[in-house]
C-alpha cells in the first residue's frame, strides 16, 4: 500500500463506502504528519476502518543521483535522507563502500564514529520524543528535548562545522581529527544527560494521561512486525531482541557492553519506553568509548580515486529508526552502477495500517509519531 | 412600577414576535434560535413575576439543556435536503383556521370569566426567599410528585439512549 | 403592577402560535419545538396564578412541566434520530410506515 | 446613587476586561516560557509588557472574512452571544465587599445559568461557518461543556451546603462567620470543580475542541480578526468567571487569610497581614525600578519606570486604605485578595496546560461520567451526612468533615482503580 505509484487508484478510495463512513485526508500539509506524509483514512464515525499512506511528496531521486557521482561525491547526499540522523546515514554509506573496497577504517576512526553515531541516535530519539509528545498534546517536553539536542549539535558543529547534515565521516575513516576537549564535551553531556532523561520521564512515564493515550494504542505483534520487515525500536518494542549492533557488529560496537531493551506488547507506550532506554544505553556506550579512544591514524590508505572492483555489497547498520541498509553494485568505474537504500522509515511505515486499523482518529496522530518516520528517508 | 410594565410588554412582544418567526422560518436552526429567544423572554417574564428560581430553571434547563439537545440533533441530521422542501403540509389552511378558532375560544372564555376569575388584583406581599419557598414545597408537600418526576426523567433517559443508539 | 390577565393574553398568544406550528408545519423538529412553545405558554399561566395567590405551588407545577418537557424532548429527539437514520427524512407527512 | 455605582462598576468591568484578558495571555506566555526554559515575549515593551496591546491592534486591523456559504446572521451573532454571556456573568461576581454590580439572592445560579448559555456562541458559530472542522469542534465542545457542567455543579453544591445560601455575598460572609474557607471542609469538591472548570473552559488537558490536531481550531476555524478576538475574549472572560466562582465558594472570596481572627483577637500581630498587600505591591514596584535602568532601549526604560510608578500608586492606595474607615479598607483590600486568588487559580490552569498531554475524546467522556460525577455525588452525600451529624449530635463540623473527606477519598481510590481499564479503544457501541 505504501507504493508511491498507486496514489489515486488506491484500495481505500475504490472500496465501497458504508452508510456512516467518510474519507478523511490527513496531510500532506498537516501539523502532525511529520512533513509531507499524506494519510487517507476511511472512518466510521471516529474509528479508522481502513487507511493508506500516500508518499512521494519529497522524492528527490537520491538513488539515481548516486549513479552519476563518484563514491566520495555521493557521500553528502546520504545525509539528506534521514536528515535528523545524518551521521548514522553517513556511517552506513562509508562502511558499505569500505566493504566494497575491501578496506577497513582504523580503530581510532571506528571508535570516534561510534561515539558520534550514538550521540546522533540520542539526538534523533530526542527529536522524536519532543514531537511525539507534542502531537499527543504535551507542550513542554519538546523544549527540553531541543535543549539537549542542541548540546549534541554543538559537539557536531565543533567537530566538523555542520550541525544538521554533517557529512562527518569519509570513506576510509575520518577527515578531521577530534578537536581539543572533545572527550570532555561528550563526557559532560553524558553526565548531564542522565538527569535530563529522568526529567522527561517524570513528565511522561507515570503520567496517567500519557499512559492512557499510548498504552494499548497501535499494537503490533512480533509476528506481524517480522512479517512486515519492521526493524529498530518498533520491532524491539514488540518483543524481538534484534539489534544489528549486537547481531552483526560494525564500527567498534563489539568492544562495548550494552543492553538491547525490549518490551512485550508492542504498543505505543512500549515503543516510548524502549526508545527512552535506548537513549540511556547510547549514553553508556559513549561513556565507555570516551574512556579510551585509541591513538593512531584516522584514515585508511585507500587512495584518492576510488575504483572498487566489480561486484556488489550489502551493508546495514542499526540507525536510530531501524535497519539502514545500502546495497551497492560496482562496475569497476569511479561511479557506482547502482545504489539501493533500505531506509528504516519506509519499511516501518508499512506497519501503519496494521496499527491504525480500528483505532480512533486521535490515535492516528500518536501512531504516526510512534513509528518515527522522516519523510526525507521514506521518499528519498 | 412603570418600569415593570415596560419590561413586561417588551418581553411579551419579544416572545410573541420570535414565536411567530420560529413557526414560519424555513431554516430549522434559525427556528431553534427564535425559540430560544422566546424562552429567554419568558424567563424574563418569570423574573417579573418574582419567580427567580423558575427563571434560573428556565435558563439552565430549558435554554441551556433542552434547546442544546435540539440544536445538537438538528446538526446531526442532514439539513440541506429539507431546506429545499415545502415547509407546510397539505391541511395547513384548515389547521390554521382551526387553531385560530381554538385561540378565539380560549380568548372568549378568559374574557367572560375575567371578573369572576380575578376578583381583586390584590398585589400579594413579595415572596422574599423564592428559592427556599420552592425548595420547601418541592421537598415537602410535593415530595411524591418530585420523585415520580425523577423516575420519569430516568425512563426518558434510558429511552433516549436506546433510541439514539446505532446498534442495539 | 401588570394585571394578571395580561399574562394570560401572552400565554394565549404563545399557545395559539404553538398550535398553529404543530398543525401546519411538516418538519418534525419544528413540530417538537412548537410543542415546547405550548408547554412554555402553560408555564406562564401557572406562574402568573402562583404570583396572584402568593404561593409557590404554581411554580412547582411549572418545574414539573419543564421536567416533562425535558423528558419529551429527549425521547422525541431520540426517535427523530432513529427515524432519520432509517428513512432519511424529517417530514412528518412522510412518516407513514404504519399507514397502509 | 443606588443605580450609579452598579452602572459604574459595569462600565469598569467591560472596559478593563479585554485588557485583563490580554495580560492573562501575556502571563500565560510568560509562564509557559518559564516552564519550558525560555524567555517568551521580550520585544514589545520591556519583558513583553506591551505585547497584549500589539496583539490587540493586530487583531483589530485584520481582515474580517466571512465564508461565502456561511450563514451570515448566525455567523455574525455567535461571537456576540459568547462574549455577551461571558460578560453578563460578571453582574453577580463579588470582587470585594463593595465591588459587586448586583447581589442577587440566586447569584451563583445566575452565573452558572448565564455562562452555560455561552455554549450557543460555540455551537451556532461552528454550525454557521459551514465547515466540517468547525461543526465537529462545536459538537465536541458542546458535549464536553454539558458533561462537565454537571460534575462542576455537583462539586459546587458541596460548598453550598455549608453556606446555606446562593447569594455570592452571603457565601463569603458564611465563610467569614465559620472562620474557615470552604476548601478546607470540602477539598474534594474543590478538586472536582477545578477539573470541571478546566474542561468547561476548554483548556488543556481538555482542549480537544480547539487544539486537537485533526480539528485545526475547532469552532473558531473560520473566524478571523475582530470576531475571532471576541471568541478569544469570551474564553478568557470565562476563565476569570470560573476562577471567580471557585474563589468565592472555596477560597473565601475577598477575605484575606485568617480574616476571622480579626474579630477574635483584635490588635494581635495577625493584623500585620493587612499590610501584606501593600508590601507585596511595593516589592513589585521596587523590582520594576530596579529593572528599569537595565532595559536596552530608552522607551523601554520609560515604560518599565511607568509600570513601577503604577505599582507604587497601587501600593499607596492599599496602604492608604489601612488608615481609612473599615469599609474602605475592606473594599480595597477585598478586591486585592480576590484578584490575587483568581490569579492563583488561573496559574494552576496554566500549570496544568504545560504539564499534561491531551485526553482523547472517549477518555475525556469516561473521566467525566465514570469518575467525576460519581465522585461528586459521593462527596455530596458524605458532606451532607457530616453536616447532619454535626447538627444533630453536636459534633464539631471540622471532625465530621474530615471523616467525610476520608470516606470520599476511599471511594475515589476505588473509582480510580476500577477506571484503570487499558486505554485500548472500547469496542464500537453506538454513537
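When the chains are written out, they are named A, B, C and D in that same order, and each has its own residue count from 1.
Heads up, the rule we're going with is that a residue touches a chain if its C-beta (ideal position, glycine included) is under 8 Å from a C-beta of that chain, and two chains touch if they have at least 3 such contacts.
What you see is a predicted model; the values in this text were computed from it and never measured.
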More C-beta pairs touching across which pair, B-D or B-C? B-C
Would you identify the chain whose C-alpha centroid lies closest to the centroid of all protein C-alpha atoms displayed? D
Give, as an integer number of Å, the spacing between the C-alpha centres of chain C and chain A. 64
From the mean C-alpha coordinate of chain B to that of chain D, what's the distance rounded to whole Å? 32
So the centre of each chain is just the mean of its C-alpha atoms; given that, what is the distance between chain B and chain C in Å? 6
Provide the list of chain B residues touching at least two other chains, using ranges where the numbers run on. 53, 65, 72, 76, 130, 164, 166
Going by the contact rule already set, what residues in chain C reach two or more other chains? none
Residues of chain D that touch two or more other chains sit at 428, 431
Chain contact graph: line, ring, star, complete or other? line
Touching pairs among all chains present in the structure: A-D, B-C, B-D
Contacting residues of chain C [partner chain B, same complex]: 1-10, 12-21, 23-27, 29-30, 32-34, 36-37, 40, 43-44, 47-48, 50-54, 56-57, 59-60, 62-64, 66-75, 77-82, 84-85, 88, 90-93
Residue set of chain D touching chain B in the complex reads 71, 73-74, 77, 104-106, 109-110, 112-114, 116-117, 119-120, 123-124, 127, 135, 138-139, 142-143, 146, 166, 428-431
Chain A partner contacts - residues on chain D that touch it in the complex: 32, 35-38, 204-205, 207-208, 211-214, 353-363, 422-425, 428, 431
Of chain B, residues touching chain C in the complex: 1, 4-5, 8, 12, 15-16, 19-20, 22-23, 28, 31-32, 35, 38-39, 42, 45-46, 48-51, 53-54, 57-58, 61-62, 65-66, 69-70, 72-74, 76-78, 81-82, 85-92, 95-96, 98-100, 102-103, 106-107, 110, 114, 118, 121-125, 127, 130, 133-134, 137-138, 141-142, 145, 149, 152-153, 155-157, 159-164, 166
Give the list of chain A residues in touch with chain D in this complex. 24, 26, 30-32, 44-47, 133, 135-140, 143-144, 147, 203-204, 207, 209-217, 219, 358-365
